[in-house]
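Take a look at these structures.
Here chain A shows up in two complexes: once beside chain B, once beside chain C.
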Partner chain A sequence: MSSPLERIAWHWRHNAKLELWIAWWAMVVFYQLYGLLFFVVTRVQPPPPAWWDAPTVVQWFNDNHYGLLVGFGICFLITGMLGAVNALLAYSMRRMSVSPAFAYSYLLIYSLSAVPGMLLTCVALVVGAMRPDRNPELIRWLYDFAFMAFDGTMGVFLIGSLIWMVAILLDKNRVFPKWFAYLNLCNALTEVVVAPAWIFKRGVFAWDGAITWWLDMVVFVIYTAVFITLIRKMILREDFGTSALPDLVEPEAAAAPPGLVRAER
Partner chain B sequence: MRKTDGELILLWTLPALGLIWISAFLLFPGFTHPMSPTMSAEAVAAFYRDPENLARIRYSMILFNWFGVGLIPILVLIVLQIRRMAHRTPIFSYAVLGCASGGPTLFLVANLFWLLAAFRPERDPQLTQLFNDLAWVTFTSQVGFLIGQSVLLALAIYLDRQPRPVFKTWVAHFNLGVAAALAPASFTALSLAGVMAWDGLLSFWIRNAAIALWIAVMGVVLGQTILRQRREEGAVAV
Partner chain C sequence: MTNLASVRSGPHEIDLRAAASYLAKSTRFVPGQPDMWAFVLFEALVFTGYFGIYMVHRTQNPELFLGSQAQLDLRIGVLNTLLLLVSSWSIARCVRAAREGAYRSALSQAYLTLFFGIAFLTSKVFEWSREIHKGYTLSTNEFFSFYFFLTGIHFLHLLIGFVVLGVVVYQLWSPARRSQLLVETGATYWHTVDFLWVMIFALLYVMR
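After this line comes the complex of A and B, so read on.
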């Protein structure tokens, strides 16, 4: 049990929580890649301004030509990981004392959110990048389509976060600390704050503005980092029962519990 | 005897659905000789303005619009089989359920762009080309949910650790193979000609053949599994 490969092989054979860990690692890898692709490879985050004229927008597409085409290609390739991510988030609600309606609603809402909130954005930018000789006004239309689909798809994240919040507040199984419910409220409120991006092209409320983008991104990053950590704790505490989740005993012991080696039989 | 639960009716929609999809595929003039991304805006506009093409584009895309989502009941039957596997959590059935609506939704978006291009073919050729690009890029590059459901199904099968697993291990290997065959299409916009282009070997022929093969093979495997399940549960009941 020394090399990482042997450890993975051991977990593949014996870890009773493998299904949960696969989904958790999919979540970690997806969000790392998402950050890398959107911030570094394609350079669409932080977003370029909404007030640019058509020639400047065309120049931006030309400067990022391969970044957009390769970066979003990778993005399309890994989209399916969201299935595992949303399944795990829904499972956290399934483990609560609340009705399964919460888990299923969240699963449906977040599964559909990827289409307008991420994929249509990427398709519009890919189509914009693929023909640099297209009419500049049409390229700017694609630019608006992309950034407004990305920022302006609000309701799915608003309602999804509120569903998670209510589930956590009602839960008697202690799956998450109650303060995390209020962080969900913060995330939901960012979707309210972003609405003026549909109206303003300059200033703090434009899609690249200090409030609409920067404030919301800070909340989103904190929120994501927190739920990835809390879900890891949930998996460590998981006992596959239906009553309250037990407290975390020893992180080291729980990581590779010898008692679970035969537990799956 | 078990009660009529309708699963067999849903299963037998698949051959009919297959026939309709193949007919619509052959009817759409843009598929039989896949349209090249190198066509000029004027050539694309002429393609939609050709009266013979125009009728076939509209009728084939209306057929796809009607029956594109017909695959969802089949995907849900697969989800129900995942729920019978020896897992500790519903993670895999939730995850495949989450992917199941994604593929057909994105196909519908591409379908709408094609129909819009054909709605007013007299429009400025630049606009017709824009709709045509959006349709082809959405259709070709959006393989993510299909890859996701194949990989997740494969993992679910590998972790179905019981003496008589729901699906045999080769079904998992097959799904990983299909996922690999679909992968290059994600990058179709990188080139307007050659194997990567949306009319090329990898992005059109291999991608679409892989989807057709997946539907055919999984249809047979699913049918056998559901019939075996019925025999076993019937035997227990009697």
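After this line comes the complex of A and C, so read on.
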């Protein structure tokens, strides 16, 4: 067999699913980096307590000063990858037998959700970290704003999950199994659970609470891992037709990297 | 009028073709879509998480939880439970009637389920307004936070259950549809809502 470079070159020229694989890998890389930046570099996840007083919050900003600046600096660079992620998720709905309205609504909602769900958090925390000598109350205001923007707006994602669920249930092209539609419902219901974070500063319903954050995060991680896997299978099965997707033929996929599917442009 | 594919048995008309079709498929592993059972399993796990967290907090502060629990009206809790248990019974009868091809009876049972569901919903709203009127809200104390949260998230499941019942009625309505699979899938969801309530009732109202 030829060298890896030659294989990549071959795929670049001939693989009909190249764009889909690029978007899929963008999704995988984005979620890996997202986890690394939010959990390790900036340490904003798991979120620090909502009940902290101003001096403790200032201390937290000082302790994480460089992590916040560098981590979110990288975060702004990679956020654009979300475009490919959302496009791929919308593509899965366009491949279904349902109205294109599902894909477009989903794309619109998820693209807008990135603003309160991620970017506002990053901006507020970077602003807080940038000038550690700022008034402590102002720093705490930025802290509250950042974490409420991140956790408190999860309801926005609820509608997106429900749109995907209905699309899968109505679909006749067998793009996804029906159980994934129901998993979307589970995910949507845990987004609702985050709502009490607007009321509580302590306990299981605060933004760092066992129900509001920990349980929700477990469901979200499972949900994300499942849809990344199912979208990979969808790409492997894709025949660029308009009728039902064919079943997955595993031997080829197992013997070669995901992009190696014998489909010519 | 003679129809060889149907016989009259008491008040119900039995569709033999539907019954035969059901029997032919009765080797299925579970009733309804297996996919819905994945949902049941996943929701059961999520609620196990909620219940586990509730139990941990209850163990840390038993006096507060017992004192607050005494403020709940057990009679309303029992009424809630009975309403949902009866609704589960009627949806089970709906499934059985649909299996036998007695669609008119199945439709009546689906409406009955809807009625008991609405009765539960009304009694729950009445109970909430009573508690709020007495001064107990989501932020009163830990017990009432869990009380409003658990009953609230269950309420949401019930509202989705009405959509599911709508699908069941839609299926039973026209001879052109009548998917036994979807009727049983809807019933599975409804039983899950009932099952979750029984757990919530035991934890919030009964356990001392």
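In the analysis below, the second predicted complex is superposed on the first by the 244 of 265 C-alpha atoms of A that agree within 3 Å, B and C clash if a C-alpha of one lies under 4 Å from a C-alpha of the other, contacts with A are read in each partner's own complex, and residues count from 1 in each chain.
What we mean here is this: contacts are C-beta pairs under 8 Å (C-beta built on N, C-alpha and C of every residue); 3 or more make two chains touch, one makes a residue touch a chain.
Because the structure is predicted, anything quoted here is derived from the model rather than measured.
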item	value
Fit-or-clash call for chain B and chain C when the two complexes are aligned on chain A	fit
First (chain B), second (chain C), both or neither touched by A:Leu183	second
Inter-centroid angle chain B-chain A-chain C after superposition on A [Cα, multiple of 10°]	130
Which superposed partner A:Gly203 touches (first chain B, second chain C, both, neither)	second
Chain A residues touched by each partner, larger count belonging to chain B or chain C	B
First, second, both or neither for A:Val192, with chain B first and chain C second	second
Superposition-derived minimum Cα distance between chain C and chain B (Å)	29
Chain A residues within the chain B interface of the complex	16-20, 22-23, 66, 69-70, 73-84, 86-88, 90-91, 94, 103, 107-108, 110-112, 114-115, 119-120, 123-124, 126-127, 129-131, 134-135, 138, 141-142, 240, 264
Contact set on chain C toward chain A in their complex	33-36, 38-39, 42-43, 46, 49-50, 53, 57, 138-139, 142, 145, 149, 153, 156-157, 160
Residues of chain A defined as touching chain C within the complex	177-179, 181-183, 185-186, 189-190, 192-193, 196, 199-200, 203-205, 210-211, 215, 218-219
Footprint of chain A on chain B - complex, ascending	37, 87-92, 94-99, 101-102, 105-106, 109, 126-127, 129-130, 133-134, 137-138, 141-149, 151-152, 155, 159, 161, 183, 186-187, 189-190, 192
